[in-house]
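A, B, C, D and E label the chains in the order they appear, each numbered from 1.
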Amino acid sequence: MSLEILLAIAYGGAFLTYFSGKISQGLRDGAAVLLSLGTVLIVSSFYNVPAASVLYEGFLGLSLVLRMNSLAWFFAIAIVSFNALCVIYSLAYMKDRNEKDYYYFMLLLINAAMLTIVLSGDLVTFFIAWEIMSWATFLLISYNRNGALQAGIKYIVLSLIGSMCMLIGILSVYTSFNTLNISELSGQLTTASAGYKLFLLIIFSITFGIKNAVMPLHTWLPDAYTESPTPFSAVLSGMLTRMGVYGFLVILFGIVGIKSVLTLGSGFISYTKTMAWLGAITIVIPTFIAMLQNDAKKLLAWHGIGQGGYMILGIAFGTSLGMAGGIFHTLNHAIYIVLLFLSVGAVEYSTSGIRDLNSLGGLFKKMPIAFLGGFLGISGLIGVPLTNGFVSKWLIYKTLILENAPFLAFAALLGTWGTILSVYKFLHNLYLGQIPEKHKNIKKTPLAMQVPIVILSFAIILFGIMPGLPLKVINSINVAFGFSPLDVNLWGVVSEAGTLNMLNIFTALIVFGAIVWGIFRISRPATLTDQYDNYAAGAAIPKDKYHYTVEYYAPFYRMVKPFLKDIFDLLYQKVARANDFLCDNIRKIYTGYVGNYVMYIVFFMAFLIFIQLKWSVF
Amino acid sequence: MNIVALIVSPLIALITGLFFLGLSRKISARIHWRYGPPVYQPFIDVMRAFSQKSITHGNFFDFGIILSLTGTIVLVLFLPIGGLWALNTGGLIMFLYLMLLGPFGIALSGAAAANPNSSIGISRNFLLALAYEVPLLLILLAVMTDYNTISLVEIVEKQAATGMAISSWRLVIPGIAYFLILPAILGLRPFEITGAVQEIASGPIAEFGGKHMAFYTLQHALQTFVGIALFVDIFLGGGTLFGLLNSLAGTVWVDILEIFIFLLKMVLVLFIGLFVNAVYPRFRIEQAMQYLWKWPTLIAFVGLVIVAIIN
Amino acid sequence: MRELELYYGPQHLGMVGNFSITLQVEGDRIVKASANPGYLHRGFEKLMEQRTWMQNFPLVCRINVVEPDHMELIYAMGVEKLAGIEVPERGKYVRSIYCEMARVASHLFGAWAYANMLGFDTVAHWAMYHRDLLLDMFEELTGARVYHIYLRPGGVRRDFPDGFTDRLVETLHKIGGKVPDYNATFFENSLFRKRAECVGIVNREEALRMGAVGHTLKATGMAYDIRKIEPYDAYDQIDFDIHTREKGDAYSRLLAIRDEMIESVHMIFKLIDKMPAQGEVCTKTPNPFKWTIPAGDAYVRCESSRGELGLYMVSDGGSKPYRVHFNTPSYNHGLTVLEKALEGESISDVGNIMISLYVVAPEIDR
Amino acid sequence: MVSLKEKLLSDFEGLKIDDREADRLFIDTQKEAVLSLLSYLKKAGYNHLAMVSCTDWIDEGKFELVYIVNAYLSGDQVFGKKEKKCIVIRTKISRQSARFMTVMEIFENAEPYEREMHEMFGIDFEGHPRLTPLMLERDYKIPPFRKDFDTLNYVNNTFGKIPSIEQRKEGLK
Amino acid sequence: MDRNQISKWLKNPGKMAHKYSFHVVYFCTGCGIIEIPPSITTRWDAERFGIIPVATPRQANLFLITGYVSTKTLKAIIRTYEQMPEPKYTVAFGSCPINGGMYYDSYNTITSLDKYIPVDGYIAGCMPRPEAVFIGVTHLWKLIDMDKADGYKRYREDYVHYRANQEQLYGQMDWPPLFPVEKKEQANL
C-alpha cells in the first residue's frame, strides 16, 4: 500500500464522514470509527517499511514528496491511534450536541493533516499540511462559540505568527539552496555559515515553540484546551501540540544536523543551552500555575505546557539517551494526558457539564472506570514507578545529571514535585472525598467512553513495565539520526551507568504487595461504612458540607500568589494589550472579520516575499 | 547476597524502625522528667491495632494503605544497609520517586475516607514535602554530581574508599543542609504539621483504625528508618568505619559488623534530632515552608554551586 | 463552590473543656466561627435555688473546674453581703493567700493547655508538674486536690496548719526557680513567638466594645483589675502591680498571664509577711439548716484568674437563695470575643487563640 | 457637684433609686426607659455591661430583668471620677407575654445573655439577630429556669422512665 | 515479667496487647477531665503503662467518660463510642455517670450512663484522684484477663435495646443504626 492511498483514505474519509452525516447519524458514526480504525491498520502495516513517493510533480516547480521512516512512523501511529480512540469516545460524548457532522469532519481532517505533516518529505507539503491543521484546529476550538471563539482567535493569531516565520524560513532556504526536500537539505546545510544556521533555527524555533507552547509563547494553550470539546482537547494536547516537537526533531536533527547545532555558541550561551533553559522554565512555572487552577481542564492544560518542557529538555542535549527520553516522553505524555482529558470528559458528561474542581467530589464509587483512568493518568503524569511517565522522565533526568547540568535537573525534578501537588488536588477534588447529595444518582459512563479509557490505562502500565517496546522503535529513530543506539531490552535500559530494570521493581512491588495484601486479608476483616459515618468531633456529618476542596493548598497560594501573579499578569496584560492594539488597528483598516486578519498577514507575507525576491536579504 | 538482602533488609528496617519509634518516645519522656513507656511499646501498639476490628471506606481506602506500605518496603530494598542491599536499579532518582509512594498511598487512603481533616492533613503533608524536597533535591544532585553517578550503591562504595562524605569539604555543606531538613523528613516536632492532633485531629490518619492503623504505624516506622538511613548512607559512609574493618575483609563478620555500625550511626543521628525536637513547638505550615526555603535551600544551593563549578 | 464546616470539639484533642466551635472554612482560613456551648450545662443556678445557703458550696465550686476557689469566694462574698457578715482580719489574709495560690495553679494549667496546643510537650509536662506541687499544698490545707470547699460565709473553714506557710513558700520558690527555664524554652522561644505573635488580635477598642475583661483587657494596655478597683479581702492591705501589654495578640495575653502569675507569687509572700499572727479566721454563723437571710439583692465581684467574676444574688428572706446568677469571664470571652477573634485566622490557630483567651467551658455553661 | 443620683432623677421620670451601698446604685425603672437609661449611662462612662440577668417573681406574675453596668476603670485612673462603680438597673415585664427589646445596639456583648434568657426563661428579645438555642438541645415544655419548672419531677419523668437494658430484655420475654 | 505473663502473651497476644496499649479517647464530659492531664504528664505518667491519648475514636480502644453527662454530650459520647473499633472498653469517671451524683435533680444531665452505652468500669468518687485512674485501669486489666470487659459485645447483642433507649431520650437520632435493627424485634416497653 502506498502513502498516497493512506492520505487519500484519511482525507477522503473526512469528507465521506461529513456527507454521510447528511444521510444518517449512525452511518456517519460508523464511517468515522471504521475509517479511523482503518488508518490505524494501514499505518501499522508500515512498521519497519521505509517508503517514499512523489505526490505531485511540479508544484510551482517543486515536487511534493512523501516518505515514511522510523520517526514518521512513530508519530503517525501515535496520531492515528489517539485519533481513533477519541473518535470512539466522541460517539458517546457528543451524543447530545449539535453540528456533529462538522465536528467529525474537522476531527478527521485534522488527523489527516497531522498525518501529512509527519509523512511529508519536503517543506512545501509540510507547510501546506501545517496550515490545514492550524485552520481546522481553529475552527474546532471555536466549536463551543462564545468564550471558545476568543480562545480560537488567540490560537489562530499566534499560529499565524508561527506560520509566517516558517514561511520566511522556507523561502530563505529555497533561495539559498534551491530545494526544499528535507533529505537533500540535510546534506547541503552543513556547508552553510553558522549565522545562517542560527537564523534558520531561531525562525523555526518560534514556529515550533508556539505550537509546542514553550514558555514565552504559550499563551494560546490554556484557553484553547479548556474551551474546545473535551475529546478534541485530548487530541489537541496529545498529538497536535506535539507536532512542535516533531518540527524540532526535523529541523534540529533532520535538516540542520545535531553536530552543527551543538557547535552554535559556546560556554554559557549556546543554542542548545538556551533551548534547554527555556524547557526548564517551561517545566517549572506552568506546573506551579497549574496548582492555582480550579477548572479541571485548565489544570491539565497548564500541565500540558509543563510536560512539553521535558521533551524540549530531552532533545536539547543531543545525546542518544536524551533523544530517547524526549521522544519517549512525547508518546507517554500523549497517553496520559489524553487519558486524563477523557476521564474529565466522563465526569463532565455524567454531571452535565461540571468540571469545577471546587464543586465536585467523591465520584470514585459512582464512576470507577473514569476514576481508574484519572488515577493511572496522574500516576503517569507524576511518573510513579511502573507507569510509563517514570521511564521517560528517568531517561531525561539521567541525561541531565550525566551531562553535568544539575541545575536543569533540579528544575525538572522540582517540576515533578510541583506536579504531584496539583494532580493530587485534581484527583482528590474530582473523585475522592465526600460525594454531594445531588451526584448520588448520576449517569453511568457509557461503554464508548469506557473502552478508550481502559485501553489507555492498559498502555500506561504496559509501557511502564515494558518500556522496551517503544524504546526499540525509538532506538531505530536514534540510529536514523546518526546516534549510537541505546542498549535496551524489554524491561528497560541495560548497560548504562545506573541501569534501569523495571522488571526488578515490578517483581519486588508485586511480591511485597502480595505479602502485604495477604497480611491485610488474614487479619480481622474490616467493616464497610458509609461516608456519613465519619469522624466529626462527635457530631453528625453535615451533608454536602464536609469536603475540603476550596483552595486546597491555601498556605501555598498565599505565599506564591504575589510572585506568580505579578510576573504573569504583567506578561499576559502586555500580550493582550499588544493584541488589542494590533487588532484595533486592523479594525480601523478593515471591517473586523476574522478573515481580514489573515488578509493582512497574507499581504505582509507578500511584502516579505517581494523583499526577498528583490534583494534576497534572508 | 541479593536474595538474603531481599528478606533480611525489610525485616531489619521494620524492627529498627519500630524500635526507633519506641526509643524516641522514651527519650522525649526523659526530657519531660517522666519514666516513659517501654522501648518495645510500638510493637505492642501494632499488635493491639491488628487485633482490632477496623472500619473501611471501600476498596480504595484499603488499596492506599497497602500501596503505601508496599512502596516503603520496596524503598528499603534500595537502601544499602551496611553492605546489604537487594536492588540497585534506577539509582537515586528511582529512590526519590519511590519515596513518594508512601505518602502518596496514605494520601489516597486518607482522601478516600472522605474526611476533611484528612484532606487538610494531606494538603499540609504535600506542601511540607514540596518544601523539603527543594533542598533535598539540591543536596542529592550535589552528591550525584560530585560522584558523577546516580547509583546509591556506588556512592556508598566510593565513600568506603575515601571515608565519610561529610569529611570532604565539598560535601560538608550539603551534609549540613540535609541535617537541617532531617526533622522535616522524619516529621519531627517543629515540622510535625501533617498529623497535628491539636489542630486537625491527626490529619490523614483520622479515619484509620485497627489494621489500617497498624499498617500506618509500620509504614511510619519504615519511613523513619529510611529518612535517617539515607543520611547515613550518603554522608556518613554507610556501614564503613574509616577502614577499620579492612583487616576482617572477606569474612561474614564484616557484613554483620557493618550492619551494626550502620545502625549505631543511625541511633546517633536520631538522638541529636530528638534533642532538637523536644524544645520546639510546631510550625504553622507556611512558616515551615518559609524556613525550609530559606536556610536549608540556601545552604544546599551553595553546596551545589560549589560542586558544579569544581566538576 | 462547596462550603466546608469543620467541627472543633467536643471530641477533639485541641479542645480543652467540653465546648464546640463550628468553623466555616475556606482554604485554611476561617470565614465564620460560631461557638456552641452547653455541653456541660447542668442548670446550676436552678439547682442552687433548691438547696440551702450552705449546701450550695459543693455545687458552686464545680462551676469552674480549673479554678474552683474563686467561685467559692464569690459565693461567700455574696452571702456575706446579703447577710451582713464581716470577715475577721486574719480570715481575710488566709482567703487572699488561698485565692492567689489558686490563681497560680490556674495559670500553670493555662500554660499546660497553651503549650499542649502548640505541640510543646516538654513545657506542658513541666507546667503540669508544678501545678501538682501546688495542688499538694491545697491538699494539705483543705484535704482535697481539686474541689476544696475551704471558704465559708464569714471566713474560712480552718486555720493554716503549723508550718504551712513555710512549706508554701518553699514550694513557690521551687516553682519560681524554674521561671528562667520557662522563659528560655517557652515564652522567649523564637518559634513560639512566631506562632503566637500577631495571632487572634483583639485591640483595645474591640475589647471594650465586646466587654472583655481580665488578661484579654490587660493585653491591650488596660489595667482593669477588680483587686485594685474594688478591693476585697486583704488586697487593699498590700501593694501590687497590674502588668499590662500593648499589642493585644495571643502572645501578649500569654505574657500578661505570666506576669500576673509571678506577681501573684510575690503577693503571697507579702500577704504572709503582713498576716496577723493570731486571730479568728471565721465569724460565727447560725445553724446552716435554720439559717435565713433577709430579703434583698446584691451584686458582688472579684478578680478570678480569667478576669472579673460577678454574682448577682437575690434572697426572698428564706432559707434558700431565690435567684443566683454568675457573671463568669469566659462567658464573654468564649461567646463573643472568641467568635470575633477567630474570623480570618488560620485553622491551625483555633486552639491557640482559644486558650490565649482562656475560655473555660464549664464556666460558660454553668 | 451634682451626684449621679440627682442627675438621673432630674433627667428621667419614675426612677426609684437606692444608694444604700457605697459603690452600688440600684435603679428600679419602667421598662420603656431601660434603653434610654442604658445609653445615657454609657455616655456617662459606664461602658461595660457586666451582665444581663432575670428573676422570676412568680407570685407577682412578673419577670424582673436586671442589667448591671459598670465603668471600665483602669487601675491607674482616678477613681473619684466615677462615684458609683456598679449600677444595677431593674425593670419588670409581664410574665404572660414575655417580650422585651434587645440592648445589643448599645452593648454588643448582651447577645449571649439575651440568648440565654430567651432559652431559660422564654423571653423574646425583639431585634435580636439569632435567638437560636444556646445551651440546651432538648425541648422543655416550660423553660427550665422559670419557678414553676420542677426539676426533680422532670428528671423522674424523663430519665427515670428510661428502663435499664436488663429491664428491656425482661420486657421482651 | 514472670513466666505466667509469657505464657499469657503466647496464648493470646491480642488480648495482652490490648492490656498494655490503651489508646485513650476522652473528652471533657465533666469535672473528671481535670485529673486527666496530671495523670498523663510527669507526675503520674500514664505512658508507662502504654496509656496515651489519641485524637480520633478510630484509633482508640479505651473511652474515658470523665464525669457527669449532659444530654447534649451524651449524643457525642454515643457517636464517639460507636466509631471506636472493637474491642473497646469504657471507663466512667466519678459518681455522676453511675447515678447522677450530685446532679441527681438536674434537668440536663442523665442519671445513669449504662442505659445508653455499656460501661466496663466505674471509678467512683468526686473527684477520683489520678491514682484512682490507675487502679481503675489495673482493674480493667483483670476484667480483660477474665474476659469480663465485654461491654462492646453486650452493645452488639443488645443494640436494639440500647438504640431504643437512645431514641426514647432523643427522638429520632441523627445517624442510622450501627448494627442492623429489625423493626419487629424492637422493644415494646
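Observations on the structure shown:
Criterion: contacts are C-beta pairs under 8 Å (C-beta built on N, C-alpha and C of every residue); 3 or more make two chains touch, one makes a residue touch a chain.
Note that the coordinates shown come from a computational prediction; the quantities given were computed from them, not determined experimentally.
Among the remaining chains, those touching chain B and also chain C are A, E.
Chains that touch both chain D and chain E are the following: C. Chain centres defined as mean CA positions place B nearest to the mean of all protein CA atoms. Inter-chain contacts peak for the pair A-B.
If you average the Cα atoms of chain C and of chain E, the two centres end up 30 Å apart. For this pair, chain A with chain B, the centres built from the Cα atoms lie 36 Å apart.
The mean-CA centres of chain A and chain D are about 71 angstrom from one another, to the nearest whole unit. Note: centroid distance chain B to chain D, computed from Cα atoms, is 60 Å. Looking at chain A, residues 533, 535, 537-539, 546-548, 552, 554-555 sit in touch with two or more other chains. Of all residues in chain B, those that touch two or more other chains are 32-34, 50-55, 116-117, 120, 197, 201, 206-207, 210, 284-285. Touching two or more other chains at once are residues 27, 41-42, 54-58, 72, 75-76, 79-80, 83, 105-108 of chain E. The list of touching chain pairs reads A-B, A-C, A-E, B-C, B-E, C-D, C-E, D-E. Contacts from chain E toward chain D in the complex involve residues 71-72, 75, 100, 104-108, 110-112, 114-115, 118, 154, 158, 161-162, 164-165, 168-169, 187-189. Within the complex formed with chain E, the residues of chain B that make contact are 25, 29, 32-38, 41, 44-45, 47-55, 197, 201-202, 205-210, 213.
Contact residues of chain D toward chain E in the complex are 135-138, 140, 144, 149, 151-152, 154-155, 158-165, 167-169, 171-172. Against chain D, in their complex, chain C makes its touches with residues 37-38, 41, 43, 45-47, 50, 208-211, 213, 217, 222-225, 228-230, 242, 297, 299, 301, 308, 310, 312, 314, 322-323, 325, 327, 331-332, 335-336, 365. Contact residues on chain E toward chain B in their complex (touch as defined above): 13-15, 17-18, 20-21, 23, 41-42, 45, 47-50, 52, 54-61, 83-87.
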